[in-house]
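Both complexes below contain subunit A, partnered by subunit B and then by subunit C.
Right after this comes the complex of A and B.
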């Protein structure tokens, strides 16, 4: 008789998990993530457990200082926009993980226009030009992998990933060209910038986000194009048999993605930071990928996760500063833990882990 | 006691009970057929025996002792091997490489011992591929298999792949062989050969378990039949005491009418003319060469052939889905003396048609629209005052599927893979109906109202069992999914209906419903192309049969005057002289 080795744990697929149970798992995961953030903080600074949470709350919802709240909303808006822009492509199983580079290239174009536009032009004209340039640049960056996928069946995941690095190097190079003194400092923009409203230059971004959110909701759920995208994502052959030209839809979706990523790059440069650096997107392009996926391509769910990660990011930054630990690294740890746990929740909601109970007659026989 | 006993086997997947307390005995040296409809739990049950699944409850006794079968390897150690319906072969490997795959040196030597019985062993023993190949050859000769050990799987025909699967299992020295739907993809001749092999194996003392839903096979080859229905064991009957009808009724659980409908009605003029059609696949290999035929209204043309002979390409070429093709595909839209409508023509196209002299006014006057305003033309068209002189001739050969649809050719296609090609499993009935017409209507947003009405009509007319219109079609049973697909296609009142394997995987009742639906369409004047694998059904349902072999037409015959054997010969490449006239 052959050997019987069995691992003490085994996994079975869950079928028909009730919605509320699924959300219970997720809420549990989210709470666990926040708990872990607190524990990590306490480990770094003993005794700071409660301070951490109060500071975290203050960093997000301090209504006495409205800019804190706007800061949170702006972070939320950018994450939401990125995830929403990725959604149509993801729905048709075009795994675009190059949002980072696609935004950066748009940001670069916007920064170039804003910096070098003739200063006698009115601000609004510079803004329009910056937006236009950003959209063209991002659309090109999206269409390159799109064209290759549509006509040569190239793997889009690797392709878009590589384009991120090209974009980053291109951005560094352009700064060297623009700022010949070797300082690599782009400096603050003096023209082509968003007006400051409620003490924050990113306030307009929040409003634009709202408009794009509504548009995207209708595109995904009620649009003919969104319907095509959903059909392709479910089955390319069904789409083909229904007379949908898959290549055209791929290109259309990537163009739309490009236009929106361009706008995001423009918002970041001209609105939020009013400056430029090769790291200005700060990994949000990748975070957006996670959010879109965790939100199951549903705009409202995406909004929820974008909000939670914005809270995580803004809250932990403030808390870290308050207890005097390195904010950027601490935030990275907490955001990492947050996504790790939520993704683990996906696993536990799809599969169930059992402990193998030794049955009678199943005695070990070597 | 030489036998395998299944005792109270229960296996569930989530809340689906695949096997419910199944118990029966498999005797040594018999051919046992497990008969049941799709979804009756036959395959799941035998997968328990083959080591793929573990039962939730119940046990397997082999020769009276409880056996623990946790993997196919365990099953082999009990002498049980399974040939799955979907072949488990490495395409890039040769036959012999597939045969020895997964066997350790120790296991191989044990196998060699079996072949070299009586021979004296001394010194180091080789365990090379060629040694295995030699033994494999010996075995093939014994059972009458024709298989070259060095042939690569990707170069093999379906029948060869199946032979290889059987050889792979026999090589491991099993004495109980489970065959899951072995004839599903074979020609009648290949199936007959397989049955010879099964008889040889039986003579050699092997036990064979045959999973099938085909009654004639059960009658032909088995000693006893175990009937399963909806996961439950129903009964065991000695084959000699059963008739096909009694078996079918035991399988379905109610009395049945097994007559396939075929309305004898005259055809109504040519609809589709295919001349010299050749299609190449992505690699540039010819998959269809020089196919010519004419399809008439009120006719069902069967397309027979071993799977992969070009049936799919033929239908795809007509639907405009194959790019690389030569030849003419000419559609005759039956428009003679019918009014022009705005359904598929706009004012500009109507003006062009009138200028070509293709239209006339009600009453017989030639239609000259040069002096009419758009509004006047629109009124005339809406009152159906402008008529066609002749049938409209459309060449499909250069058109994309969308253009064909826009031309109003009313071509409907029920592809072979219901959820992979025809429908979207995760979408509900309304959205799936919408898939055919979502482009209609103004603006960029979808208009679902009409699709909802059509979906409701399909559910009511075709008696689709669904909790609601917003149920994802994936959750429906195979028969109901097919009803939704066929329903969607016939709701558009097609002039040409192409159906590929419409009853694949359906239970008997659902199959007959589909046959009747197709016959209804024929009565309505539709020209139908029917691709199927069950030759008996095809002979009963169709008017003519076109047989394909390797992408070439080996004959177009009258279904009423041809036998299954003749079709089988043509499927394997023999041309048949008795061409049928329609």
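Right after this comes the complex of A and C.
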């Protein structure tokens, strides 16, 4: 009991909640979140309730225009990759909230290589170099806080947060150096780009994501490294006693994170946008943190939430444009509401709220 | 000389935004709440401020003179309400619903930025420029005091309020029973609970008050610096994150935060203020923009390497549930 004695409600832990009940709560929460998005839309633009849902559906699953579906899958892929990459670090209680900057710095490196590689090089060679540069840059960005965390216990949450902003400033700076005319516009890449398949340049990203998903599934659940990470997450002292070198595991996990974040940055620049800007990651690094956490570090649950977030993002953008309200802000409101509701569901699946009747003889209620 | 004076004056004005944000966040963190929703809360405060100002401006005849006190007071009240609401949401999710603080904070930032950006853009800004000019100086006749007046007496009520709140927070945290209890909650919630301190209540109240203080900072920026002319490029969320930096940089002490805010403000103002001199080397202004973050990281590293004693509250970011072991 966390409340005062006189308080009419009190909370206890749920023990042995049936799987189907747990998912019932979650599905209920997800439906509620979509309902609230519709209500918010109606509040902002009266009478748009049904249009909102039909437009939302059209923005995600319009099979007459395959690029819409690929757009959704690409957004889903990037969110899934970010959340999966964060998972090992989170599992060992390394709170890396610097995904935004770690991806951006990889994207910056990839953009630099793709823009300035000699044009006589074949496209595939440029792509390989861009990927390599991106991975090195992101690994450095991950290892700086990793090293200080491993050897000096420097607070990694705040450290990685700061690194985001340094990366953002660095990106603006490099653009001003690369494009000296002061327009701050990077322009479209003409070399070092993914081929267009099915009318979309991001199609290959979806395929790579599948491969990485399988790899990460085994890395997290079936490898020695994944096991060590899980032990450290449970108890650092146990890990030490079992002979696990916590510092080395920290560095290893951050290196893996860096390599993957570099690949994500490379995908975003060379595959999806074929361009670069300091805001190209667009907050997905932070959304990824939320998805990894709400997916309980389980790759399949993470995939589910990444998909729902992608539907929320693509759908609300189309719907907002259709009913003529500011899309980016409306999407932010819906995404925020969505995550708050999922967080609340988390509480109701782990705890039970009881109503206290009089002093003695408590009556239970869900 | 006059150049230096106007630079310092501008820096102090800018520091006010940081000071509110940082003081609010210190109050938060002293209770053990690492509130990463502060950028969102500052945005909500900005929305509150502009709503308050609109309500005042709509309540008087179109050509009536503005009351220089009410034009500050009403927006501040609304900023406090909106900021406190943000803090209440955060503590409801972390204390009552027992959710992870990082997750809640980031979600609150997403939601706060979305809501504030959406609605600020749709609010009528007529007469807001006039109101902004009116609230720029708390005292008229500050010119009489020369350079001293120009720097220290030319500021708006917000600036003086910010300094008073920071000092007040420092005194309360350090010298009162309430402050002692709050620090105990942030250091070791379980021990505080056993000593009879209501941990949940302290965390709720500290987060709500902290949110209210941070909210005023957002309102000040919106009403005074940009005078209601909302532009996403001047994202208030960036100031929110800088406020988090300042908290670390000032080792969780509101009095040091006053000077740290000023230092960070100097660095923020310098690139645009000295733009004519930096025109030749475009990248210098970016290096200047990087300094606050690098300085914060250095403080983080130095404090963790040099002193065995961590300056952060010991259970910062750690949730407290009595039934957990």
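Just so it is clear, the second predicted complex is superposed on the first by the 354 of 366 C-alpha atoms of A that agree within 3 Å, B and C clash if a C-alpha of one lies under 4 Å from a C-alpha of the other, contacts with A are read in each partner's own complex, and residues count from 1 in each chain.
Keep in mind that, in the parts below, contacts are C-beta pairs under 8 Å (C-beta built on N, C-alpha and C of every residue); 3 or more make two chains touch, one makes a residue touch a chain.
This one's a predicted model, so the numbers in the text were calculated from it and none came from an experiment.
For the composite obtained by overlaying on subunit A, subunit B and subunit C can both be accommodated side by side without a clash. Put subunit B and subunit C next to each other and count what each touches on subunit A; the higher total goes to C. In the superposition on chain A, A:235 contacts subunit B only, with no contact to subunit C.
With both structures placed on the common chain, the touch criterion links A:148 to subunit C but leaves subunit B unconnected. In the superposed model, A:169 lies in contact with subunit C only, and not with subunit B.
Judged by the touch definition given at the top, the superposed model places A:279 against neither subunit B nor subunit C. Touch criterion met: A:335 reaches subunit C, while subunit B stays clear of it. Once you line the two complexes up on chain A, you'll see the smallest CA to CA distance from subunit B to subunit C is 6 Å.
The intersection of subunit A residues touching subunit B with those touching subunit C, taken from the two complexes, comprises 1-2, 4, 13. In the complex of the two chains, the subunit A residues touching subunit B come out as 1-2, 4, 6, 13-16, 218, 222-225, 227-228, 230-231, 234-235, 237-238, 240-243, 245, 361-362.
Against subunit A, in their complex, subunit B makes its touches with residues 13-16, 66, 68, 70-71, 73-74, 77, 319, 321, 400-402, 405, 413, 415, 417, 419-427, 431, 434-436, 438-439, 444-446.
Those residues of subunit A that touch subunit C in the complex are listed here as 1-4, 13, 44, 95, 97, 148, 152-155, 157-159, 161-163, 165-166, 169-170, 172-173, 176-177, 180, 182, 283, 286-287, 289-290, 293-294, 325-326, 329-337, 339-340, 343-344, 346-347, 350-351. Only residues 34, 36, 89, 93, 97-100, 102-104, 106-115, 117-118, 121, 198, 200, 238, 241, 244-245, 248, 282-283, 286-287, 289-290, 293-294, 296-297, 300-301, 304-305, 312, 317, 321-323 of subunit C touch subunit A when the two sit together in their complex.
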